[in-house]
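Please go over the structures that come below.
In the two complexes that follow, chain A is the common piece, with chain B as its partner first and chain C second.
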Partner chain A sequence: MNKLITLLTMVLLTTSSLLAGDLTGRQIIENVYNRKTPKSQEAILKMTLVNKQGKERVRKIKQISKDFGDVEKSIMFFMTPADVRNTSFMNWSYTKKGKSDDQWIYLPVIKKVKRISSDSKSDYFMGSDFTYDDLGDRKLDADTHKLLREEKFKGETCYVVESKAKDSDYMYSKTVTWVIKGKNIGLKKEFYDEDGEHLKTLFVEKYEKIGDYNIITESVMKNIQKKHKTVMSLSKIKVDKGVSDKKFTERMMKRGIK
Partner chain B sequence: MLKKKIFSVSAIIIMLVLTALSLYYIRKNAYIETNLDKYMPQEHPAFVYSNKAEEEFNIKDAILFVVNNENGIYNKDTLNNVKKLSKELKKMKGVTKITSLYTADNIVADDGSLTVKRFYKRAPSSEEKLKKIKKNVESNEMIYGRIVSKDEKSTLVIAEIKDDVFTDAFYEKMMDTAKKYNTSADKVMVAGRPIIEGTMGKLGPKDMKKMVPIVFIVIIVILFFIMRSFRNTFFTILVVGFSTIWTFGLMSGLNIPIYAVSIMIPVMLIAIGVADGIHIYSHMTIFRKENPESTILELLKDMYKEIWRPVVMTSVTTAIGFISLLTSEVYPIKYFGMFTAFGVMSAMVLSLVLIPAGVLLFGFPKTKEKDIHKDGDKGRLSKLLHDLAGKVIKHKIGIVITTVIILIISGYGITKVWIDSSFLKNFEEDSNIVQVDHFVNKHFGGTSTLNIILDSNKKDTFKHPDVLKLVDKLQKEATKNKLIGSSFSLTDYINRMNMVMHSDDNKFNTIPDSQNAVAQYLLLYEMSGDPENLWKTVDYDYKKMNLVFQLKNDSSKTIKEAISIIKNHKDDFKKLGVTIKYAGSGYKALVFTELILEGQIKSLVISLLIILILISLIFKNFIIGMIGSVPIIITAVINFGMMGLLGIPLSSTTALLSSISVGIGIDYAIHFIERYKIYSKTSEDKLETAAKTMDHSGRAIIFNAFVVISGFLVLTVSVFPPNRELGSLVSLNMFTSFVGTITIMLFLLFKSNIFFKGEKNE
Partner chain C sequence: MIIRPSRASGLFFILLLLIPSGLFAETNIDLNGFIRNETGVLLDTDKDTEFGLLKNTLSLDLNYRNDDDTIGAKATPYIYYYTNDYKMDLREIYIDLFLDSMDIRIGKQQIIWGKADGVFITDIVSPKDLTEFLLPGFDEIRIGVTSLKLDYYMGDNTFELVWIPSFSPTVTPSEDSIWAIKRPIPPNAKLDMSKKEITPSLKNSEIFFKYSVLSSFIDLEVMGGYTWDDDPTLHMTQKVVGNQPIITVTPEHHRLGVIGGSFSKDIAGLFVLRSEAAFYYQKYFLLTTPDKITHENTDQRDYIHYLVGIDATPFWNITMSVQFIQRAILNYDDNIKDNQFDNTMTFLLRKLFMNDLLTLELFAYYGITNDDALIKPKVAYKFTDELELSAGAYIFVGDKDGLFGQYKKNSMVYMKAKLNF
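Moving on to the complex of A and B:
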């Protein structure tokens, strides 16, 4: 689940410096993808799901993640609602191409850790408007990127880049990203479905400089078709504070939040 | 004379212009409303609640595609067919969700692991893999018997559709899609409420388009046979035709759509327009017979003197009768009442202007000599009618007893009348659509859906084990009933997750004992399955739950039976703070039908009262008012009685037929009483008066009934059952109205002595 964290830090944002000058759409996106991320991170994630009727569900999750080079491990503990407290979820995501994630779930009522294998990668993450895919890496050359224009957005001059999927079966036919000129931070991203219709929009509401990193601390994903939205906000963020390798075990999952 | 001719020509021109204008608006604006939701009063509490619940739980009507392979579905081609069909449907505009063996998730547990897998992604060809799919299906209660039939020969692809997408084109597209996947081994059938509604919406009007011209031709032929004049037939038909065109023109001009019940407007106008024409021509014929030397002007003068009053009176009273339908809560019925009233008044104006104008311009056809002199002074029919009046009076006891007996039998029939909002009942038992429906009902849960909304005002109520256990109990009990094929709710997910988390041990196919366990299973489902599925069964706060019953048919009886089973648990739910409500299109149709009926009965009573008062006022006598109401009451009672005895259920169209009995009954009564009153002034002999009235008004009434009945009997050979019912019931109503008028009403009139007493004492 470190993918979730990296989403917040990377999909739309990068701190790598760029030379001024005319960039191609591909370069702009490449710079966004080539991000600098913390080696390890701890944070409290508040996930607010809002449905069409405006009803809200709020979940507070403590998450810890660490990059081991060939694998990124993350562990999540539910804090609220009370009835799911200490339910935990662990994810190991491998950089090796084709190797799928390992996932475990621990339910306090069962008192057993179970491995989960799911083949629904494009499905929505925990009932949110983010899919697993939205949270993960996307290969730069999976899309054809085109710089559409430059325009002002939220007071910033942005590049507007269109990325069209090369694979016609992919869940998004295209995405359009607003990247702040010079900063290479994405502020907004539109997702278009298989039929080319506007499906979702991601808004980056807040980003903070923590340590050496620019970390997005609040973002909203709005599903336009379902009139549903998800607000994700991070707090109590600690980066590179030397998370122990031993954190990512079944034993730790069972132990819960101290 | 010239001035009058100019007047006539300009009157005809004005009417032609009005007709042309109406036709213009019909061409420009007319459209048929097929969306049944538009028929329902959206502000009614039951609909408000249902609509809200439908939105909250994403309750949609579904089209069911059945893929059937007699050699079993577990083979590469059939599974591939299911996959391709699912994918093609998914891509279609208006389709919101597909549920099939291909799209469904299978959550299974091996020791120490939990797997969420599709049953298949690529249709396998190896025996071993096919067997594995079969095994997975059999061990998953959420699929087995619901998506895959237990005989393993059929599987469903369920396509949920948006509310407003069902058009003719969409219907055709669905049918074509089904056809496309028909192979030598796989048979693809289509079922589900939208398909039934769609087929009905197509079949009814299509059949009517075919039948109505035949009805018209028969009416024209019979009319010609009776009037023996091309001219008179032509003008009578013109009255009917123009009044219908004006009515639909006004409707289109006001941008009001044509509803299914609007089909009854021309039915009414044929019956009433023909009556006006026949009465006027019949009167003129009699005048000519009695005054062979009279000029056209004298003829018209007499006509206006004698006939305008009953024509205006009958039209106004009929129109007021229809206006009483404005009390209905259902808009199409309100409009039906309003526009039929307008049509009736148009027919009146047309017959009082067009017919005389025609006579003035083209002359009155000569009464053939042989008709007058063949049997002495009176024609054969006249003699028969005179005799009939005598016989009625003579056999008064027989008539009263017969009437009473018929009324008693009908009264018994009325107790058997039942309401039905079923759409399927509108099709022949051996029609394809009914056969497919039977097939699905035999092998799967059921084609009709009832949504039960369990409502509480406390958060997390539906995470509570006590509540869930009660729901589970209700589901298990209800599905024992033969009419309830299957049920589905949040409990099914929880039961399954509980079992899966305990290594598929069937002992754990239950609701766990703690709320934490429920919450954790649900969280797990959200993380591993498709959470959209959950929100179709419960709301975000766990305050409301949507329990779905699949019923074996869509008849009101079945829905009511299911509701009564649920009501048995009302108190148990109440103790837990949960109230029970309903939603979905099947339930709305039931409420809607009941509303129509309630309104229909209300307006029937109101119109009877109004008519009683109007006739009393017209003839300045309350007893005449009562006598005049007799044919109407008899017709209405026999109408409903026969429906009960013949097993024709009350539906939105059949309920409206009682309006016809009022409309026709009052016409007959007024014409007859008016004529009786006129003759009573010149005669001292009651029997002579009765006989003369019978020869004059009675003749017109018989002719009118004969013409309209012949026309509508044509509909009884229609291929569409509702149109058959319409044809036979209209014919029946015409028949009882006329028989009631010339027998029991004549007798009561005769017996009452009213006009004689009054006039004689002067």
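Moving on to the complex of A and C:
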């Protein structure tokens, strides 16, 4: 998992203004992936997990990320609930093709920073409806992209692009993304399981202009099969405020946030 | 078992409980903790007691940070309340000074090193509390040591130095505990405790160092220590008074030199490979047959202790971990009581269900040398984010001379309720 702060913006949102008429499915998604993102960012992430009875569970996380060029480093400090307080998670994600992410977790109970395998991409993040892979930046050429049609969604004319994984073992057989025509902002994404059944849908509820960037500040992932949903919202967002390199170290994972 | 609290720690606890938590709301103080009940029923009906575990715990975690985050402090008082007895102490209490490239921590602290899970190889700075064998969580097994710790940082490299002015040994269960350790003491032997204690002094202090790096290629630690053996050696002497031989057993801690290291590395994003090893210089071992002339029943040998393990999530989001651990005595002599090689494996399987509300877990130690094991299946359910109920078993099987098999009659099923706040 990486880029949690820019997570959904990376996948669904871009401010580039390419003319749409001539674009292929791949180009539409490429424009979404190549959006302008902050060099560094800090925010508080609130995740509200809602089960089918409407019962809520809330998680709060402080997130910091920084782009170092060949690597993007991010660190998360879990604030609530009480049983995970002071747990921290660090991810280094590389631009080099084929290089796996490096990930570490610090658990206050064992007082150790532990390296974890980055293979667990299909694991759900903190009991939410987002997998680690949903929160990361998937490589453009990991999927074959096809423009299906154009249609109206929430009053916007959107391209509907289907993306099929080249790896047959990938947890989603395909995803379908609604991208606003002319703005290249994704508003909705459907995920289909390995059997081709509709599994879940991501809705972007709100995005804001912060500095030079469009940042999604509220989104909802609805798991259709489990009738469970996760509302994700960002607050106290700071972009390009010169985050120190020292934030992304074992020292900070152990020390935690104030 | 009755462990009386000191007057000071008791007063501290009472004062803490009298402070309304709301008082901390607008300060730099953060208060967390948990309340927990554990009830375990022994499967062996021949025992004097039916309960292997009846324990209530209150544990608090009090943290302070100043405004500019240069000074911190922590205190973690706890109470274990048993049916008739209780124990009250401070798990940790220390002050932090955060400088630009250095952190200084002074006070009672748990210091955890190495990459092993559930095994102590280079993780020897904090001694162990084995009052309830290896059943409690490792945060409760490790004893905080009053020490000065310096960490100096250079990028992703860390140099750590620990000075412990006063030695603390392993805490062992009392003789009437179901976890009492069988000691090789002959019947009618006299016990001489005059050498058991290590007088706190500069000369008797312990010192450890560690260099570690956390990088994309590998996570690495190299450590060394000039310490005391946490477990006393049982020296035996024999005198003949009249016609009667009188055996005296004198427990004594000895100095121990240790060097070691550990690493963990992600292999192609598929699994994490971990290893840890330590070389112990001239540790005392008991002999099967004491020297006929001197009656000396111990001898010194170097030994190595190492581990290789992997962590992976190969399928169905099941977390798996396997470790192989070996302890080998070098320059072995058949008269040494311990085996030349002692091999153990650990296994962990864990799967989360229902958006992390339900956890199924199986952890096991398997002693290859003695063909014995401790198997710990567990199911835990979170009713809320604060309240977790769990049930499980501690199953001891195998050779009664083995580390785990000796507790064969202590197998039990248990239930726990834990409220985090």
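Convention: the second predicted complex is superposed on the first by the 247 of 258 C-alpha atoms of A that agree within 3 Å, B and C clash if a C-alpha of one lies under 4 Å from a C-alpha of the other, contacts with A are read in each partner's own complex, and residues count from 1 in each chain.
Here is the rule we use: a residue touches a chain if its C-beta (ideal position, glycine included) is under 8 Å from a C-beta of that chain, and two chains touch if they have at least 3 such contacts.
Here the structure is a predicted model, which means the values were calculated and not measured.
Colleague: Is this a clash or a fit when chain B and chain C both end up on chain A?
Modeller: clash
Colleague: Check whether chain B or chain C contacts more residues of chain A in the superposed model.
Modeller: C
Colleague: Looking at A:Tyr213, would you say it contacts chain B, chain C, both, or neither? Reply first, second, both or neither.
Modeller: neither
Colleague: Let me test your reading of the model: by the given contact rule, A:Gln53 touches which partner, first (chain B), second (chain C), both or neither?
Modeller: After superposing on A, A:Gln53 lies in contact with chain B but is clear of chain C.
Colleague: Answer with first, second, both or neither: which of chain B and chain C does A:Trp92 touch in the superposed model?
Modeller: Second partner only.
Colleague: Mind working out whether A:Ile110 is in touch with chain B, chain C, both or neither, as first, second, both or neither?
Modeller: A:Ile110 sits against chain B and chain C alike.
Colleague: Looking at the overlay, what does A:Tyr159 touch: chain B (first), chain C (second), both, or neither?
Modeller: So A:Tyr159 meets neither chain B nor chain C here.
Colleague: Look at A:Met126 in the shared chain and tell me whether it touches chain B only, chain C only, both, or neither; answer first, second, both or neither.
Modeller: both
Colleague: Touch test for A:Thr249: chain B only (first), chain C only (second), both, or neither?
Modeller: After superposition on chain A, A:Thr249 lies in contact with chain C alone.
Colleague: Please indicate which partner A:Asp101 is in contact with in the superposed arrangement: first for chain B, second for chain C, both, or neither.
Modeller: The second partner, chain C, only.
Colleague: Which residues form the common part of the chain A surface touched by chain B and by chain C?
Modeller: Looking at chain A, the two contact sets intersect at 49, 51, 57, 81, 83, 109-110, 112, 114-120, 123-124, 126-127.
Colleague: Quick one: which bits of chain A touch chain C in the complex? Just the residue numbers, please.
Modeller: Touch list, chain A to chain C: 49, 51, 57-58, 71, 80-83, 85, 92, 94, 100-104, 109-120, 122-124, 126-129, 226, 228, 246, 249-251, 255, 258.
Colleague: For chain A, which residues count as touching chain B in their complex?
Modeller: Checking each residue of chain A against chain B gives 49, 51-53, 55-57, 78, 81, 83-84, 87, 89, 105, 107-110, 112, 114-120, 123-124, 126-127, 194-195.
Colleague: Taking the complex as given, what residues does chain C use to touch chain A?
Modeller: For this pair, the touching residues of chain C are 28, 32, 34, 65, 69, 72, 98, 103, 110, 112, 114-115, 117, 137-139, 151, 153, 156, 158, 212, 214, 216, 219, 264-266, 268-272, 311-313, 317, 352, 355-357, 384-386, 388, 420-421.
Colleague: Chain A touches which residues of chain B in the complex?
Modeller: It comes out as residues 55-56, 91, 105, 109, 112-118, 121, 460, 463, 501-502, 512, 514-521, 523-524, 526-528, 530-531, 534-535, 539-541.
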